[in-house]
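Look for chain A in each of the two complexes below; its partner is chain B in the first and chain C in the second.
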Partner chain A sequence: MTVEELVALLGLDPIHLEDPSSRTVTTAYCGDLLSDVMAHCPPGAVWFTVQAHVNCIAVAEVRDIACVVLVNGVSPDPQTAARAAAQGVTLCGSERSSAALCMRLSGHLAEDAPA
Partner chain B sequence: MTRFDLHLHSALSACAEDCLSPRRLVERASRAGLSLLALTDHNASGNVPPAIEAGRQVGVEVVPGLELTTREEVHVLVLFDALEPLVDWQAVVDAALPALENRPAVFGHQVLYDAADEIIGVDDRLRQVGVSLGLEAITEAVHARGGAVIPAHVLRPRHSLVSQLGFIDPSASYDALELGRRDWQERGCRLGERLEGFPVLTGSDAHCLEDVGATWLEIDAAVHTIGGLLAAVRRMAA
Partner chain C sequence: MTQFHERQIRLVHELMYQIKVREAMTREVVTFPPTATYRDIQLCLKRSRFSGTPIVDEGHLVGIVSIDDIITAFDRGCIDEPIQLTMTRELVTVPQNYSVIAASNLFHKYGFGRLPVVSRPGSDDLVGIITFSDILSHLLLKINRIAERVEAHERRLVAHLDQQRDHLHFEIAPDGFDRAGVAATLTKRRLLSRGVPAPLVRRVAVICYEAEMNIILHSLGGFMDVDLLPDRVEVTAADEGPGIADLEKAMQPGFTTANEKIRALGFGAGMGLPNIKRCADQFHITSSMEAGTELQATVLLPSAVPTAAGVPASVSPSEKEVAHDR
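Let's turn to the complex of A and B:
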């Protein structure tokens, strides 16, 4: 699934989209501790989090995350939105919870999320 | 010479001993030879004024402060040169805390003392919780009030800059970084060293009377404020 298709499927609010028609989303990850996300988030994932701090963009770069989604209506810190645009990291928002988004996404991705 | 500890809790922190009054704290610190300490209760500062008063009587300078839990659940020490900006900052913290009551059976009591060592009340607000402000916004707001921001026990696996935010950004504008006692000892750290460009400190993080005065740092200068102390530490780390 492309980022463009993901945004449409989940009704995400785009903050910065980077190459959405060609970037592929292969799996999903939920996590709010960036130390955990850095250790475990698979590349190509859509990552659901409440963590709006600017460091989440660096984590997305390091892990080659396809799309960062700030859930529960959390808005990004100003530095976070700016860094996403500057570094070419796709960042979206949603009023829905990580669980609700994952349930909607279930069965649509090429790979299952890791156990 | 100044012997100091910038991270101490009193009975106002729910997780600290209820008998850890500001007076007992400064008296024990004084006996251990400390001349400067910061009282840093969790999201609270109601025991700072009596600590300042009791400290004056035993020759211990008390830095007004608190240990804030940010929206990211990072613990940071917020310290000021005077009481007034702390009182102002406490109002910001109170407005950013969820409107929930403390549950002493779960979290512990939050006890307020006076300088004469009498219990004068209990704080009913839940304070063992994150505020709605992010770390970067907090750093900016505290600096605008002339205060200092020192992320606490930065390498710990819980409630630290590293556990919550993955890594330490060298371009951030923290005034220093605190390492927990164990990390400080294991790394053989010394005052004057830097981590990711920031001067490093350690503190006792005392939650019981026994731990007050057990951990301290010394600097070869007579300092009386957090501003003066951090300037001296920066000179050492230059």
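Let's turn to the complex of A and C:
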């Protein structure tokens, strides 16, 4: 699934989209502890988090995360949005929870997220 | 004459000024006493292929006999007479501490092929003999040495540049949350651009990120070095303290000393060090409450990954990446 299709499927609010029609989302990950995400989030994942701090962009960059989604209506720090655009990291928002979004996504992705 | 050629000649002149006669001269000189005959000298010159020989009388240089003089002696029929009867005693010499330019000028002025070298101006104490070809050989030697020095210098320069290209250094300030991840991102880009496979780059990037965060969150500041070597990537991170009280505990997943503020930002899950260890092929950490903490993590590159028994060394990179992407 492409980022573009993901945004449409989950009704996400785009903050910065990087190459949405060709970047592929292969799996998903939920986590608010950055070290945990750093350790376990697979590359190419859509990552659901409440962490709006600028550091989540660094994590996404390091782990090759396809799309960062700030859930529960959390809005990003201005710096976070700017960093996402500067680093070319796709960043979206949603009013819904991680669980709700994952349930909606279930069955649509090529593979299940490995631990 | 072109400017280039003028410059070349100036350079040669400068070099010639630096060369002393004593450096270029020949020290082993065949000499004859004034009682020798022209024929004695002629036979010697024929044998040794010299074109002239100094005449020394009890340690004093008194003359020089060249092939020209011998031909003249033949002409006059005095070839078997002692040379002291007819040889010229007006001698042109050059002192050994003069520059070879002086010798070169004398060659030019008198049309001589060789000059006796004396210990000091006005002396008749023979110490050697110098020809124009001695000067040329020495000049070539000197130019050659300069060329070698320049070449060695350039080699060192290139090696240094190469090293710089594969070496990254980051100064990391404490509490620098906003710059966190910069070192990891820059490292990642550099390694990708140098052809390191993406899964290995991710492991290095995680190591860098966690090491960087540790310095930012827990230390008074420090630095991180990343070295890309032919067979491995080495990350060294060191801080100025205060040090880790219990390293064994710090290495346990979930153990953290992070405060509320740090945890609210999504850090302090107690996974930094275990994460680094998990991503590294070799991991080493030392910490003291006086000197601070230093950690070294190494990620081996495919060419250096030991191959399993029966698997050929030329296994494709993608297979190795999968095997080592943990």
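Convention: the second predicted complex is superposed on the first by the 114 of 115 C-alpha atoms of A that agree within 3 Å, B and C clash if a C-alpha of one lies under 4 Å from a C-alpha of the other, contacts with A are read in each partner's own complex, and residues count from 1 in each chain.
Note that a residue touches a chain if its C-beta (ideal position, glycine included) is under 8 Å from a C-beta of that chain, and two chains touch if they have at least 3 such contacts.
Source: prediction; values computed, not measured.
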* Looking at the overlay on chain A, is there a clash between chain B and chain C, or do the two fit? -> clash
* To do: Counting touched residues of chain A, say whether chain B or chain C comes out ahead.
  => C
* Asked: Which holds for A:Ala66: it touches chain B only (first), chain C only (second), both, or neither?
  -> neither
* Asked: Between chain B (first) and chain C (second), which, if any, makes contact with A:Pro43: first, second, both or neither?
  -> second
* To do: Check the residue A:Val89 against both partner chains and state whether it touches chain B (first), chain C (second), both, or neither.
  => neither
* Asked: Just chain B (first), just chain C (second), both, or neither: which does A:Asn55 touch?
  -> both
* To do: Figure out whether A:Cys30 sits in contact with chain B (first) or chain C (second), or with both, or with neither.
  => neither
* Who does A:Ala81 touch here: chain B (first), chain C (second), both, or neither? -> neither
* Asked: Which parts of chain A are touched by chain B and by chain C alike?
  -> 33-35, 38, 51, 53-55, 58-59, 79
* To do: Please give the residue numbers of chain A that touch chain C in the complex, ascending.
  => 32-36, 38-39, 43, 49, 51, 53-59, 61-64, 79, 87
* In the complex with chain B, residue positions of chain A that touch it -> 33-35, 37-38, 51-55, 58-59, 77, 79
* Footprint of chain A on chain B - complex, ascending -> 71-72, 134-137, 157, 162-167, 169
* **Parts of chain C lying in touch with chain A, wherever the complex brings them together** => 177-178, 180-182, 184-185, 188, 198, 202, 205-206, 208-210, 213, 265-272, 274-275, 278
